[in-house]
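Look at the two complexes coming up: subunit A is in both, with subunit B in one and subunit C in the other.
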Partner chain A sequence: MKFMNDKKIRLIVTTCILTLVLIIGVITSVNFLKFRNYNTEFVVREDVVGKIYKFSEFSKHLKGDVADSNIYEIQGTDNTVAIVKKDKLANYNKIDNIKGLSVCGVDGSSQYDAAKDVFTSNINVLATANDVYENVKSGTYEVGILSYKEAITLINNDQNENVDISDAIVEKVPSLLLIGGTHPNEPSGQLAATVVLENAKVKRGILYVITELNRSAYSYSQPQEGTTWYYHLKTKNGNTRTFKYGSRATNTVDQWPTPDVYTHSSGQQLSSSEVRNINRAYPGNEEGTYTEQIAWVVTNFVNQKDVTMVIDLHEASPEYLTINQCVYHQDAADIWSQMKINGFRYYNPEADKTQKLNMPADQSPLNMHGLTHREVGDYTNAYVFLFETSNASQGKIRGAFTEDLIKYSAPDKFYEALVKYDEEHDTSNIYGAPVEISERVARHVLSFESVITGFNKIKTTRVVTQTGRDNVGDGGVYVGEMILEEGTVPSYYDLIKYGVGNYLLDID
Partner chain B sequence: MRVYYEFLFVFYLIFTIIIALFILWNIFKTKKITNIIIGSIALMMFLIRIFMIR
Partner chain C sequence: MKKNVLLFLLVALFALTAFVLVGCGDEPEPQPGPGPEVEVKRDVKVANAGLSVVLEAGKSVYVTALGQADFAYMQTIVNDAIEGSEITVTVDNQLKAADLNAGDVVISVLGYTSKGISGDITQTSEIARAKALAEKEGIILILCQLSGKERRGESSDPIISEAVKGADYVFIYDADDSKGADYDKKYSTEWCKGFDKLYLFSDEYDIKDYIEVLLGAN
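Showing the complex of A and B:
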């Protein structure tokens, strides 16, 4: 082009093109940054969720970082707790430190009965929970034994607030850690955890919920997939809740470089991209890669809190073999047997009968490392389960990527065609036909309830791991049943009928 | 391992900046309009990458 030979014109053209491209670049960058910094909101019911732990409390390098997510704790209302004066909280944080002190409890309460076995000194019997509270407040007794519900109500009603619940464990109860958001491109796991967080109430036991396990992977979308960044759900009152659709792996901005071959701490070698996959990074390492640091949160938390059950919620593409099923650690085989017999049942009002969801399962392979159902099971005392549902937006034969594809609120013509082809030709190109988000969430929520059902049936004391790794924590104690308050967790039928949005709370 | 990663990270940053400067120099030197467009896009990519690093 002749005009480009003129130095002056060349300078003007170059500057114009450069400026135009930079403006586009700045707009794109701002959008990227907005997505990275967007915080998905979860409703925390103040009267139900007792504590919120930060990931950095269990893996120190994550402090204040993008991956410093939350673990929500829901205490059972009937759990036995010890109340002490606030200034004594630090000293009275272990059961051994409060055993010899003067203790009072409510006559005839189940908490009094549970505490009787623990305290070496006699427990002084008082008439009401309020008496116990007032006596601890005035200093007549150093420790008061109450149910969690009584304690939290009295503490919240008191203006002076100089009494609090001690960390000392008076009665061992079962606990469950529900993990959603392991892979941000598998939305039903996060939504199921959110539904449980925003609806469940516990009667006995402790429920821990993680809604965003790998927040770094929520900070960008999978390169070259052209995915939608956000998807929306309508709540019961017609308000909109926004969720992010992220990537499978940790952001390269947070973890770089990626080696050619990923060598797991067990020596297992995997393809390079798996180095940023949190479900290949367990048991994790506080001083390891960014992904390993996040994985360590789960292992460390489960060990520190002596968590009884862990459930990791996932999704897979419809053409993936492990789909609509459970994978369990071998130590949880007995629980799985009971789940198969007594779990996965739901009442169908239209047919007026209890129906059963088909749920096949595989035992976690002994030599496949880095996954929750292998490493968390091996490195902790917990019984570990992983569940998969069918997600068309992860699939490779999908059509255009839209919000409808994530929720599968409109059928994808390519998947529909393949399902039809399989039916007509008796082939298995698809192992789990894609279904709507509500049904996927319903499967996960029912699976969560079924794990509790199975656990309650076997009345287990902790078994020693078969893999012979160090057995940590306090094993061999029967911790009783875990009981959810009836009707608080939406049923499989209701979730499908009324939709998952109906069970999400409004953001204030 | 962490030190190794930090070293690689700084090394990568320096290289990105050097390449970005080369591209900038090139788009003001070249007489081909296609080179200017390609160079501008490449420069934008490099800048995005640099600024996205925390």
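Showing the complex of A and C:
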């Protein structure tokens, strides 16, 4: 009895398979799209973070796009600022434009002293910060000199809000741009930048933080690695913070096609995949590839804001040679030496002594192009540093890809076996044993503090010795120390002891 | 055809004989003898280190690198050591033995850069420079390793092992966390065996005080 012939059976089977494929296709597509559009949340303390710049202000084609990320600005509370009437902000945005105006300041304040060196006219002395504010508001004086903290407090308390802080730089202070999220499959960089963003307070200087440098690379997962898409950390209050584990390179959805060979603007040739690697795209180009447009944000921002120091945070697989170390631009060598002498120290209450973290470094090779420590150093006046920590989830020897692997909150048996093998055979298959995420973040945060410690021994902006531009010999201006408010940035010891989650704020 | 088979058999026999001979020639490794026991000197205060000035009047001081790691940091340490003195130093990461005269003091940092050294500098050329400096008659060779385990291994070791043969002083960073430059005791029990001028430092910046004394800059 044959009521269905072979043809019919084949048709039914084929239809079933196609339907299944369609269902899988739809589900995965929805998941992929959800992941692409998922926005990682970062807590912005309103009383601390004064300004948020969009990437598109520094690279115009990114406007409204997936890569249009944020740069958070934290001003030092003691920084000297000029307040002016709001309708004058556009005219009074440069120090040269306000030098000859009528000025008032608070008698005996350090800001008054700093401003004295700048203004050609006499500064009229008033008794209190409030007096300065009211006199500018009423128009008696065109410019008021205050500390950033005084200015922002008075502006925020004023309902009418017709006074604001001018962009004019009254006193040149050191500034630092901390970059996390260059490579979204290297979580410690983003987390360290987030810990700094959500905890640091600055007394003197300006701190800029990027938590997601390549948001396009955060919009998809590392292909063919079977990676976990999200990982979670518990805050002090037991709430969950969610972070994405993205890819190393810009999403092909945003940058396509990929050439067989990537030729960097220097002429250097690299393999095709590097064309979407932001740390091979510097100095970047506003009219270039999508990745170059993002890289240009950093170069352009650093130049426009005359940033003193740049730190780019990374991770690499445990078997990668350049790990648990720093790479610095040659003009930052003096600061590096001062970091080795005075930095990388943390107090260990258990041993009741100050200990020093072992941190080797290499100078950035002159002929290796496209990296922050080479190009941002060559195309700006900043001292540039890059740090690497050891991340098992990037490694090739790993077992199953789980959230535990990302955080290394549970040991990976293959890596543990290799660590043991190295110990027993005196080999170096692994250069930095995989460690828990809190240690990696702690290492980055201590490195960030150490750059400041090193800079504070020099206190001058950079003397440019080699650059891709024509301003060799620029720099070398005394700007004094950059000072973080003590105890605001968690210590190396505390971050490990209490865990990185303890230093992440709750999302409201 | 027969000829070929015969030839093959002959070659095979020869190879086998050679193999067996080489195999038999392997004598048991000579056990390291007791040798002069030298106590490892760790974190010795410079005043107790028994150092005296090695720099004579009219002689030059050079700072160089063998392996190209930590060169800038080495310069800072030497600069800090001579601060306030009349001493001047010549900095040259490719210092050649041929350019030196008897009595000159050469301070070299050890360790191979992990970023790879570029241009015409190679591991081979660094080994050759290390050998030449070590064999140079009459100079005072002070070797410093400022980084730990990460600047040891197959890239660094062949250069270090050559350089230490002619060293007058060897100062190395070696923290107590087993990540130091002497993590495998190669410095203390092999390269510098019986050599009483090997000093270990938990903080490599303390090497500055030693250099200060050796150069008479204090």
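A few remarks follow.
What we mean here is this: the second predicted complex is superposed on the first by the 483 of 508 C-alpha atoms of A that agree within 3 Å, B and C clash if a C-alpha of one lies under 4 Å from a C-alpha of the other, contacts with A are read in each partner's own complex, and residues count from 1 in each chain.
By definition in this document, contacts are C-beta pairs under 8 Å (C-beta built on N, C-alpha and C of every residue); 3 or more make two chains touch, one makes a residue touch a chain.
Quick caveat, the model's predicted, so the values are computed rather than measured.
In the superposed pair of complexes, A:Asn37 makes contact with neither subunit B nor subunit C. Of the two partner chains, subunit C is the only one touched by A:Ser364; subunit B is not. Touch criterion not met for A:Asn160: it reaches neither subunit B nor subunit C. With both structures placed on the common chain, the touch criterion links A:Asn237 to neither subunit B nor subunit C.
Of the two partner chains, subunit C is the only one that A:Lys340 touches; subunit B does not reach it. Counting contacts as defined above, no subunit A residue meets subunit B in one complex and subunit C in the other.
Within the complex formed with subunit C, the subunit A residues making contact are 321-322, 324-325, 327, 330, 333-334, 336-338, 340-341, 356, 358, 360-368, 426, 428, 431.
Those residues of subunit A lying in contact with subunit B across their complex are 1, 4-5, 10-11, 13-14, 17-18, 20-22, 24-25, 28-29, 32-33, 253-254, 256-257, 287-289.
Against subunit A, the residues of subunit C that register as touching in their complex are 69-73, 75-77, 113-116, 118-119, 146-148, 150-151, 153-154, 175, 177, 179, 184, 203-205. Across the interface of their complex, subunit A is touched by residues 1-2, 5, 8-9, 12, 27-28, 31-33, 36-37, 40-41, 43-44, 47-48, 51-54 of subunit B.
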